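Next, two complexes with chain A in common: one pairs it with chain B, the other with chain C.
Coming up: the complex of A and B.
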């Protein structure tokens, strides 16, 4: 039997104790930042078997296997899962080994990690050949992942990444120590393999190193080096992007419990920020990054500045975003950049009080089952409301036009500006006029309105429907009969309709009834915001031009004859700079019916 | 006095030496594009809040230059963005409104 303690384990133990303590206290701190109701809700969700199972499954699939990354780019997926899952298996199998061959030492938490140093090959351990094989196998898997990681630093394009972030000094220390851990482990186990036993990887290595270097002198220093690499990695982990590893394990149960962001720096938002590994996927995703000056305003930089507590930059970044939601859709961790920003905006104090008490919500004279609410943006594009009315008449639908003579705003722009209280006040007013119409179906031609009516208004007994879906249903029922032209349209997914409300297919099916459809280079959840969005507070007219042009380039990659969209704001914005005609889906269908 | 059915308007003379234009100067700093406003009135024509509080971006800019209180007008703005959409000079009117609301009191105190 070999000794069961050696001073070289100290760096590892110290690092491990530090990181465990840090994470434990951090977790308690964040739990106490949650409002009491949320905290209760969260704790209860942990004991609910359904959520508990979902938590375990999600943690396994996302933190270890990284399924979302696989979908994005298999090489990137393999790199992450080989390191995460391989390492996890090494730790797990290490414990199994101790349990089987040295059960008395299970309480020493360094034992499974340095098993090969402490346990000599004996009759019993030779029986564990399968385990030894698996240990070597997973070590090889991790090493392949590390190799890919090193290649990725030089050739990120192979991994489908155009731009990534520049790591900080501490990140670099974490990175290099992480890279060092596994080759050192391989070497250390190689030096001891003639004593501890091993399998296809470390036994041959042992022959080589023994032949060239001689074991006894090198053995202990390499184990020291391995332990130090582990210790350094653990010690810097909380201050680097690798903090995402423990954070994500808390983020997933938070999300499964259905918590919302209530404060831009605390609780749920905080854990989202910490869970961001700075992969930079959101840089390429963000439509603002079409202009180089905006790259530093993407979500990854928001997270970084929040971690650094750089108030000035946090404000700037929060105000610029167009709230298109694309970064959230593509982020494999699920950091909700726009909502963190909205919470940040809502912290601001305004000196002018809003007062909507005198606002008169319009009530339609006609009473009908179907009420049409055009909203502000459609009022600026009367072509759309005309087409909607014309289609309704053609289909023989009785309807009431709520805001024909002008109305109130739906409240979504106020919400996105972070003025939640004022938005609620205004929504109450608008809600009154919807209820006064006595309708059963509320028809909307603006996705901005559609989203907020669906999410915030609680209109019981009223079906809220977007016109693209409504008209598609009418076509299906045979009440509208569009004829087909040979024009090739490309369909632009408006942010609030696609990513915001999950409606991708109905508008496409509807368009196909009256024209040919081609797809944009990036479409559906990857659709590029038209950049006319009301989400951004600070982007000016000139800043947006370049972004809209980039969005148009994306749309017209397949050389369509015309552009169709389902949002009055996208239509107006694209019309400014497009060389080909831009129409709303209602106008397209109306012209063919 | 005989009631003619109308009266004389109050004098709208503004003594520019006496008015406080600090908020106006602040606005120029935050949203310098305001200087490009040509007072076309498009923003007023489309404004959702016009019937509610007499809101009009054009008037707000005007009022600020003359040191007239703008809070009553602003109080009705719903940030709907129509004015930004129609402004032929590309002024970010929503940012202008938000900044004014933010710095309003601060400047008044100063």
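Coming up: the complex of A and C.
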């Protein structure tokens, strides 16, 4: 048994104390940034057994095992879970060792970390041998993960990532210290193994290092180096992307409590920004990345600039985004880039305040149980509203075209531009006119309207339904009988319908009733935005053209004869540059019924 | 032996150039893809500002090129650079060697179906400027014949000055064409109210402004400053047009019996194909690039390749004719060098 304390533990202890303190005070700060109602709601959710269990499960599955990453790319998943879970097990088993062999020292929190230095000879008992084996095993697991991490720096494509972020200087310090921790631990334990024991990994290492280098001189310096590496990693952690490790453990309960982003820099948004691991999955995901100049406008860079408080860039990045939500769909920690941007946009002060409280929504003339609301986008594409009406007539549905003579906007474009108050005013007017129609079913041919009606309108007693789903139901009921043609269509998932509302299957099933369906290279939640989006405030037509052409290349990878979509905006955007016909799903079905 | 000059395109630029080349003692060869000469002008009824019948102009011009070789319903299959000139292979199998080529391929009328919000191809009562000229000429159009015309609308700038439609250029002739057609419609339907929806009126040419004043004073045509946002169809088949009157700052709804879209000029896709054959440059506006946009507009960067008419940008008839003559002078200077 060696002494209880050695000065080499100081770097680790200092780093650990700093990071724990930082995280604790940071957490308190963020909790106080939450609006009072949200904070109450969050704290109550922690004691709700259902949410609490969900929190524990999500933290275990996402922070330690990284299930989502495994699904994305097994190699990437293994790399992360080997480091996270392996490290976690090393810490846990370290505590078990202390508990078993040196119970008096449990209060010294450096003891489990440097156990092999302080406690000697314990592998002779069965329990000790098993523990030592497990310790070596998990150290090996972590080392394999570190090896993969080093390979990933050079060959990111093997891990399914075409482009990654360029790390900042502090990130590099964090990265190198993280890489150094485990080889140094291996070496340190290797030097000490003849005294304090070990298993299949460090005992043979001990033979080798003892043979070549001699032990006594190297032992203490390697333990110093191990401790310093740990200390450096802990000290820089709050200022690097590794902050995502502690942050995610708060992000998950926040999300499970159902909080919303109310301020672009505070509370929930802050924890989202800090939870961004800077992996750069969103770079490949972002439709704007088709143009290289836009790479720095992806969510990962937004988060970085928010952390750096670079106001000019934050504004630029926030305004440029098309709000397609693909970064969020693919983000491994679930950072909601579009909502952070929307909150950022809502901070802007406009010279002229818009006032929609005086806007008059026309009272619908026609009345029926099924109300069709075309919305602005379908008004601009009369081909679609015609097809919808024609199908409704063919199915014998009694319907009212409630905005035949024009109506007000659904409010979603104003929402996306961050003008929430104005959007609410407009939405109130539109809601009144929908209620005045006295309908039971609200049929929509525009996914933009569909999403906002479903999420924001609280139309009690009215079923809000998108036309792709509605017509599919009519086909199922046998009220529409489309015939099949041998045209090969590719279906484009509109952002607001797919990622925004989770409707992927019905449009496909509906299309299959009347044509052959091929898939785009990237589809469903990975579908590429058509780039006609109303979300972007600054992208010009020339910029959008290139992005639309890239989206079309993705769509036509399987050489379809024609493109079908379920959104009037996607349809007109693609039509502008597509070499093959582009139709709305209603037009496709109508032409075959 | 007279020297050959190949003219690609038998519109008014091509015809005028052929005439001038004949006078200078060359042998012009016109390659025209349609079955008649005269291009777009031949499809028009009357020309502003003096209401000159288009047929008269085209017939007169065509009568003066008796000595030229004209290949109708023929296109250029390939164009190859020789050491001192070009070899031109036509779709009818004829190959011509020449030192100079005049590209006079003209423009393409914007496909109004692309502006779906205006309802061309969707609603029955929406037609284009060309459809209307066709009706003036033939007197046959189911969309107009036998219908009551109480209110007629004209939409300016359809596919022109419209980045969304991919064309930023002004087509120059639509403002005055709309006025001309509005007057003609008023003459045919004296009781009809006629509305022109414009962004701004670009009446730069000789007597255009007088034309505009006449349209208001003598014909009572209404000019509304504001783009049409969308067109809908009512149950009775009439059209409902939504626009904003930007002078009064108020949104506006009008019910119309006929809507005429002033489709603009866009670059002819055939021009781009030909340019590709000889590696000629395309300018940033999509039209062919002249050596210089100020004083060498009829010369290209390629030796022996000359340009005339709307293949380099939007132009009026007199501008096109003048440019054809200028191009011939350039060709003459080039060949007698």
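The rule is short, and it goes like this: the second predicted complex is superposed on the first by the 585 of 593 C-alpha atoms of A that agree within 3 Å, B and C clash if a C-alpha of one lies under 4 Å from a C-alpha of the other, contacts with A are read in each partner's own complex, and residues count from 1 in each chain.
Criterion: a contact is a pair of C-beta atoms (placed from the backbone, for glycine too) under 8 Å apart; a residue touches a chain by one contact, two chains touch by 3 or more.
The structure presented is a predicted model; accordingly, all values stated were derived computationally and were not measured.
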item: Partners on chain A (chain B, chain C) - clash or fit; value: clash
item: Partner with the higher number of touched chain A residues, chain C or chain B; value: B
item: Partner chain(s) touched by A:537 [first = chain B, second = chain C, both, neither]; value: first
item: Partner chain in contact with A:313 - chain B first, chain C second, else both or neither; value: neither
item: Chain B versus chain C as contact partner of A:592, first or second or both or neither; value: neither
item: Which superposed partner A:39 touches (first chain B, second chain C, both, neither); value: neither
item: First (chain B), second (chain C), both or neither touched by A:350; value: first
item: Contacts of A:379 with chain B and chain C, given as first, second, both or neither; value: both
item: Chain B versus chain C as contact partner of A:408, first or second or both or neither; value: first
item: First, second, both or neither for A:572, with chain B first and chain C second; value: both
item: Touching partner for A:417 - first (chain B), second (chain C), both, neither; value: first
item: Those residues of chain A which chain B touches in one complex and chain C touches in the other; value: 379-380, 406, 540-542, 572
item: Residues of chain B defined as touching chain A within the complex; value: 33, 46, 48, 51-53, 71, 74-82, 84-87, 90-92, 94-95, 98, 100-106, 108
item: Partner chain C, residues of chain A touching it in the complex; value: 379-383, 386, 404-406, 540-542, 545, 572, 575-576
item: Chain C residues touching chain A - in the complex, by the definition given at the top; value: 114, 116-117, 119, 122-123, 163-166, 229-233, 240, 242, 253
item: Complex contacts: residues of chain A adjacent to chain B; value: 348-356, 358-360, 376-377, 379-380, 406-409, 411, 413-414, 417, 419, 426, 532, 534, 537-542, 569, 572
